[in-house]
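Following this message is one structure expressed as structure tokens.
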Amino acid sequence: MSVRIQEKDFDPTTELEALSAGRDDIGALVSFTGLVRGGDVSEMTLEHYPGMTEKALEKIERQALERWSLQGVTIIHRVGPLAPGARIVFVATASRHRAAAFEAAEFLMDFLKTNAPFWKKESTADGERWVDARETDDKAVARWALNPKARD
Amino acid sequence: MSVRIQEKDFDPTTELEALSAGRDDIGALVSFTGLVRGGDVSEMTLEHYPGMTEKALEKIERQALERWSLQGVTIIHRVGPLAPGARIVFVATASRHRAAAFEAAEFLMDFLKTNAPFWKKESTADGERWVDARETDDKAVARWALNPKARD
Amino acid sequence: MKLLYFAWLRERIGTGSEEVTPPEGVDTVESLIDWLKQKDPRYEAAFAETVAIRVAIDQEQADFDAPIAGAREIALFPPVTGG
Amino acid sequence: MKLLYFAWLRERIGTGSEEVTPPEGVDTVESLIDWLKQKDPRYEAAFAETVAIRVAIDQEQADFDAPIAGAREIALFPPVTGG
């Protein structure tokens, strides 16, 4: 399955090579890796809704596969406590050409940010706080409705 | 230096980790990896213009750094003979937020495709042939002039 | 039916999961929340701002006026912040 | 000055690099190409379709009407196809 929720870290090279293993019709691999930002944050803890999370990510993946010509998609999201600098999320797309791979990866991240049931809690010197949803993420996801596939 | 021309392969994880090493202000890493497609192609050979290639890539990188808020950029292009499935080019961007990282990576690839002096020759059962420039690449690069930075 | 709470909603209510049997007449998500608020001040505080609450019925996103009849699992949570 | 050729232009001309001393009056890229074409039929064939030729003067992209006075290195090549 190309959707995984896990506590442990992952390796971008391994994931990219898994997408293209045993085939030679892929010209473009795009990956997004999200990292935990530091600043006043000493630790980030990811909570999720087991069961619904997998369903939501698989639905997002299906939408991308319907919309673009892709040879593969990988979505990995870590849960549990994570230190600043740690990898937290990974999305990768494989396609013949780069435009589809880039667009689909952005689409996956935009929908993951707004539709997948994860919640971030930050630990700081002043205590803990739940991260607020960002309005810019709602705007990012809205543009995909206005903007049917432009390039392939 | 974040621009490299080399015969040898590279490792995406190593390159992504180098971009974020020792800092915790990066939230988004985007990478593009180009692979040699097979089909009737048994080998691809990359020729380039030593000296000008580095200058051209460094100029493209500078343009991206001026246009987007980025914490780092890596561009690697392989030269010499490459088998189908092999990694041929790698572009990675680091930023606080994903929109800048995605846009800058696409920009770098579009300009690399049209402005950096590389030439591909394909070997097939029928002999060798130089790859023709693609009109869609000229269109891809043109949209950056019409489309000043939309998001950050 | 099973109710699930996540993130600060879970913390304010004090549990992540509970079994409830709403009385007749409690037939939508909205009326379910109203019923919970009357049961205990913890719910009153947790659901004070329902604009900041999202709902899923049997693991599918739903609206506040969605019917809850036949639902096995209803989850209530703040807007998601993953990625 | 040094002339460089790449890809199929290099193959058609039969060399990747040569030193030339153009006569007076050969002052632009275009006139340089015309002069080469008169020298030898290999150039005539290689430069038959100049619409498919790009030029760089001292490693910077240039146009066909660019002056070549003072140039150390002029490169002629097909449209690029990297990436």
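Quick notes
Order of writing sets the labels: A, B, C and D. Residues in every chain begin at 1.
We adopt the following convention: contacts are C-beta pairs under 8 Å (C-beta built on N, C-alpha and C of every residue); 3 or more make two chains touch, one makes a residue touch a chain.
The shown structure was predicted, so the numbers you read here are calculated from the model rather than taken from an experiment.
Between subunit A and subunit D, the least number of touching-chain steps is 2. Farthest from subunit B in terms of Cα centroid separation is C. Once the centre of each chain is set as its mean CA position, subunit A and subunit B turn out to be 22 Å apart. Between the Cα centres of subunit B and subunit D there is a gap of 27 Å. Here the spacing of subunit C and subunit D, counted between their Cα centres, is 74 Å.
The multi-chain contact residues of subunit B, meaning those touching 2 or more other chains, are 34, 109.
Residues of subunit D found to touch two or more other chains are absent.
Those residues of subunit C lying in contact with subunit A across their complex are 4, 6-8, 56, 59-61, 75, 77-83. Every residue of subunit A that touches subunit B in the complex is listed here, in rising order: 11-14, 16, 20, 23-39, 84-85, 96, 98-99, 101-102, 105-106, 109, 140, 151. Of all the residues in subunit B, the ones that touch subunit D in their complex are 34, 46-49, 51-52, 55, 77, 88-89, 109, 112-121, 130-134, 137.
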